[in-house]
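Pasting a structure below so you can have a look.
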Amino acid sequence: MIRANAEGNSGEPVTHARFRRMARMRAFDEACLDALRRGVIHGELHVGLGQEAVAAGMAESLRPEDAVVSSHRNHFHALAKGVDARALLAEICERETGLCRGRGGHMHPFDPATNFSATGIVGASLPVALGYAHAFGMQGGDAVAIGVTGDGGSHTGGFHESMVMAGARRLPLVALVENNALAISVPFSEISPTATVAERSSAYGALGLHVDGTDVDAVARVFAQAMDHARAGRGPVIVEATCHRFRGHFEGDPEGYRPREERRRLREQFDPLTLYRARLEAAGESPDVLDGILAAEKSGMKTLLAEVLEDEMPDPAGALDHVFTDNAGRPA
Amino acid sequence: MNNRLANDRRAMPLPATIAEAIALEMERDPSILCIGEDIGRAGGVFGTTRGLLDRFGRDRVVDAPIAEMAFSGMAVGLAQAGMRPLVEIMFVDFIGVCLEQVYNAAAKIPYMSGGRQRMPIVFKTAGGCIGSAAQHSQCLWGLFAHLPGIKVVAPCNPHDHKGLMAEALRSDDPVVFIEHKDLLLRKGKDFRHHPEVPDEAYTVPMGKAAVVRPGTDVTLATLSLSVEHALEAAETVAAEGISVEVIDLRSIVPLDTDTVARSAASTGRLLVVDEDYLSFGLSAELTLRVIERLGLTGLRQVERLAVPDVPIPAALSLEKAVLPGPDKIAQRLRQMAGGR
Amino acid sequence: MIRANAEGNSGEPVTHARFRRMARMRAFDEACLDALRRGVIHGELHVGLGQEAVAAGMAESLRPEDAVVSSHRNHFHALAKGVDARALLAEICERETGLCRGRGGHMHPFDPATNFSATGIVGASLPVALGYAHAFGMQGGDAVAIGVTGDGGSHTGGFHESMVMAGARRLPLVALVENNALAISVPFSEISPTATVAERSSAYGALGLHVDGTDVDAVARVFAQAMDHARAGRGPVIVEATCHRFRGHFEGDPEGYRPREERRRLREQFDPLTLYRARLEAAGESPDVLDGILAAEKSGMKTLLAEVLEDEMPDPAGALDHVFTDNAGRPA
Amino acid sequence: MNNRLANDRRAMPLPATIAEAIALEMERDPSILCIGEDIGRAGGVFGTTRGLLDRFGRDRVVDAPIAEMAFSGMAVGLAQAGMRPLVEIMFVDFIGVCLEQVYNAAAKIPYMSGGRQRMPIVFKTAGGCIGSAAQHSQCLWGLFAHLPGIKVVAPCNPHDHKGLMAEALRSDDPVVFIEHKDLLLRKGKDFRHHPEVPDEAYTVPMGKAAVVRPGTDVTLATLSLSVEHALEAAETVAAEGISVEVIDLRSIVPLDTDTVARSAASTGRLLVVDEDYLSFGLSAELTLRVIERLGLTGLRQVERLAVPDVPIPAALSLEKAVLPGPDKIAQRLRQMAGGR
């Protein structure tokens, strides 16, 4: 049996590892929702519920030296890259113990240790990933840079420019487009000139791959193919993973643009955990084992949140630190 | 009934006032059209364009892709084709992806064309802090104001939002119209300063500041959300015997130095409060213009309170530390009144 | 015999009209070079010598209601659109009689009367053309907006974003890419991920056309096809015209990036006037007639320049006018 | 021989000095690399990167497509990958297509990451007027300076270009390095103010202004090309008995208020000259900081001379009318010296 090759639970069958990763991601964002309800998270929180299979499928192909640059909806990609869940949650909860000492917040986690970062500006992840890709190209290893964006981000100028440069220089860049068919309220079908993003890859001399982003096995397979391509020096790849967003664009989104009915239907039909569970059970997996994984991840995350909520808030005295290395330029 | 109606209108959330202004102008002038992300089906993420798509259709209310460079430049082409576009840049923080079309095209074409091509464009956007961290909290009016050729407006109450939006849409000059997210999320009744909002269309001129609270000890000039904070602080220190004249600037370009200088000449003390970054922005420009007007000896004190040149931090404990909130304003007013 | 359908010399055979247009364009830019040598033009002057066939071929399909938004290298497109040559030359020579009263200069001609404008920012022409296209779409006629850019401009984010919007809304936008194989010193072949720009059209649901931009007949034919497509409401088109730049990127460019030898070779092999002349003569056209056209255009342009140079410079007293309609916002 | 050499170096055009600084630093530090349009094969449109491609190869000297958003963001990713990129934005006027990556990413990530991710990036660009009209003539240092997290440098002579470029490349903070096109086109001998340029690597610190001409009647603070103009004007009025202290600020962020205030305290008169736009920029900020330092009564006169909030016109007759050239500076100095 294939074994999971990434963090934790080594020796666990790959099916369990995939299910566990998705369960952990879901538990993580549920902890965020919990924290939000307690009033400890501010600003527009973007959770990824419904999109777990994409990041979980990606995780297996990631190596420590690879880089991931993500978007406003970044928690799952951070976990996939191996960012410490506690530090991430603490950052989202704006604590001094957070990844960024509470300065960044949920849209701006930066983790030099795992080569993970994000941005709140749509499309701005790709140019940054391109920078990593250039560095990797120079360094001569086979590390790959992944720039994550949504369907909406694929329309930005930065996406195009980055793919042009990566294509011409055959840089190891994978653009992961999570196509959840919506940019806030605007349907992809209405604003895209093409039926898919992946088909635009020929404009960049890139490999274009399309995958059902609700199927973790499929994502793992296709993403591995993309990474192999990029690692082999054969140039950039666009991986488009179609998926569904189960909640509003941000917490508090009134979602006037889609009927409640539709949201319910999406959750019923396309929950990647439910779908995977069904597949595993059909293949003989015991429901208890899966329940056990779900429960373990959920309770682990609950404990984590409880811990994090005990952490200190940043001291206002340090509000002006970290702008410049020498604190110069600060008005007297 | 009239009273009920007036009350209802006072309870209207700010975004409805803005949507009303746009609708009235679009009705009046068929050359007005709106472009932006989520302004159609969703009616704007804050509701400031609610109802427009149904009323005016998808040619005049364009739900745009995340392609600000394309659609801000589109506004320039539309203006050249005789239209009067309103473009929404959802948050002002995103201007970095499309400033080009705003400052090199819209703002300069009237001049570059020797006055032969006007640019009646409104760039509508939301700014200000509500706990959204460094990339979703900026004001940036100081940035636009530094660049010639664009008017810059940032109203503080429903009445002025409606009137200044109408004025902006009727102006033949490009206007950056900056709403404050905190104000957008308020009910009408939550405004300290809330003149009646008439049903019908009306305009408020750009470049005319309003004295929103008279006073004799210190002149406090500010705009946008900070007017609310200033009023709160002024009330607080009034109880301590300090009389503060609060001026709402309404627009940064044009900047109504006259009104501020007149007040400062009588109080002798000027405090400029600015939620934008401290340096190279509104606070220095306004203060110095007043000094230039009154002479170095015409004032006893000048002070400014603004975001101290740091990105806006995520944690609320830090955000509070860098923002010119009511407490800090009150404290500064006390220092000034107690000073020289 | 087909007759020319655009400005001047009506009733003239189309071959003469095409040759005359190219001759006029060449004479225009030669007048600019003359003015430059006399020290009356400042800044980086970009002439189009060698690229006459593109604009001349475009001219025939343009109607007064169409719009053209051009780039830093805009003179020929302005002439093709029917901008008054005298006003344009006067603007380039920074005169009060210029199209823009001497405020705009050679990179920034604006002519509301003919729906012509330009920009000095590479790629920024496309978004503006998109605006015209949207207006034309609303107005329900069959006017078309043309955004002109170079091969270099095709890599910009603005190009992509504009094509995305035009593609999705099927707007009457023609992106004319003058591919002279160089962006200043940088060869297209080195920085483009694709062999042509036209092939990227599928990424936008656009029609992509490629034409030899040194052949005025070919350009006229292909451009007419593009305009027909756009006028018929079938959406945007990318027309890529390959051509050669005979001079430096700007006047004064040391051109260290290409050997003099190569420049000479390009001029010898790819001069669109020489090529067209050869074709016409092979078909029996009298050399005298063509010489006559060349001489007439040249001397006409010389006269124009002489006239323009007599015009007044802008009065410094008006240096602050025209910023705002009401002159408000000006510091006291 | 030493003399010949010194003379040769004084005859070097400014761009060669810059290229030399970059080459020395690239040699010293293999993590430095350069990205920009035409910086490789062409050696830069002004020659400031001449020779680098041959010496350091195409991985470290990247001829980029016209895709500023991609390659300015690339710098951010490179910094995160441990590199120290220099990015050239050919003319500062083009910043509108990529400001996003400069101000929302490079400038804020150090803060947003709680100091865990540094951004050692140099954004090198050319500004200033040489008759190139509205879209190719701006300075815009006031725009960058308003945005927290970026240092902003604009040197005035070959010595400082070399030293400040080295300093910028060694800095762990993002730096916008603004060259002036007029200076770039000069021979070394055409500089009024031209200290020796040593062969070897050296640095000039950011945030330390230089008194480039001592004087007693008026303090004139400025930077970049305007230092040359100021020196010319100071010489002119010196003949008329007016003694002007000229200060080269060198950087806008950090801004050396100390040096200016010290001088202004002794002369009592401060003139700030700025080729950037007048309003909401350097001139008000510096003047007000000096007033804040010295008190309203610490100075007799403050004046500023800058581009009066208009786009730069194409015609030279108009360009001259809006620029703070030597004649206008001299005239203003005379007014000040003759005044109160």
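Order of writing sets the labels: A, B, C and D. Residues in every chain begin at 1.
Definition applied: contacts are C-beta pairs under 8 Å (C-beta built on N, C-alpha and C of every residue); 3 or more make two chains touch, one makes a residue touch a chain.
The structure presented is a predicted model; accordingly, all values stated were derived computationally and were not measured.
Participant: Please indicate which chain is farthest from chain C, where distance is taken between mean Cα coordinates of the chains.
Facilitator: A
Participant: Which pair in A-D, A-B or B-C has the same interface as C-D, with over half of the contact pairs matching by residue number?
Facilitator: A-B
Participant: Averaging over Cα atoms per chain, report the distance between chain A and chain C in Å.
Facilitator: That pair's centroid distance is 45 Å.
Participant: How many angstrom between the C-alpha centroids of chain B and chain A?
Facilitator: About 36 Å separates the centre of chain A from that of chain B.
Participant: I'd like the Å distance between the centres of chain B and chain C, where a centre is the mean of that chain's Cα atoms.
Facilitator: Between these chains, centre-to-centre, one finds 41 Å.
Participant: Mind pulling the chain C residues that touch 2 or more other chains?
Facilitator: 100, 102-104, 108, 119-121, 124, 155-158, 161, 164-165, 168, 190-192, 323, 329, 331
Participant: Multi-chain contacts only, two chains or more: what residues does chain B have there?
Facilitator: Counting only residues that touch two or more other chains, chain B contributes 64-65, 67, 69-70, 93-94, 96-97, 100-101, 104, 111-112, 133-135, 148-149, 253, 279, 289, 309-311, 313-314.
Participant: Using the touch definition up top, name the residues of chain B that touch chain C in the complex.
Facilitator: For this pair, the touching residues of chain B are 33, 59-60, 62, 64-65, 67-83, 85, 100-101, 104-105, 109-118, 148-149, 151, 171-173, 206-207, 253-255, 257, 289, 293.
Participant: Write out the stretch or stretches of chain C touching chain B in their complex.
Facilitator: 67, 69, 98-104, 108, 110-112, 115, 117, 119-121, 124, 126-138, 145, 157-158, 161-162, 164-165, 168, 321-326, 328-329, 331-332
Participant: Please name which positions on chain B make contact with chain D in the complex.
Facilitator: 69, 93-104, 107-108, 111-112, 133-135, 142-143, 145-149, 252-253, 277, 279-282, 284-285, 287-289, 291-292, 296-297, 299-302, 304, 309-311, 313-314
Participant: Where on chain D does chain C make contact in their complex?
Facilitator: Against chain C, chain D makes touches at 37-38, 40-43, 45, 63-67, 69-70, 93-94, 96-97, 130-136, 278-279, 308-311, 313-318, 320-322.
Participant: Applying the document's contact rule, which stretches of chain A touch chain C when the two form their complex?
Facilitator: 155-161, 163-168, 190-194, 199-200, 202-206
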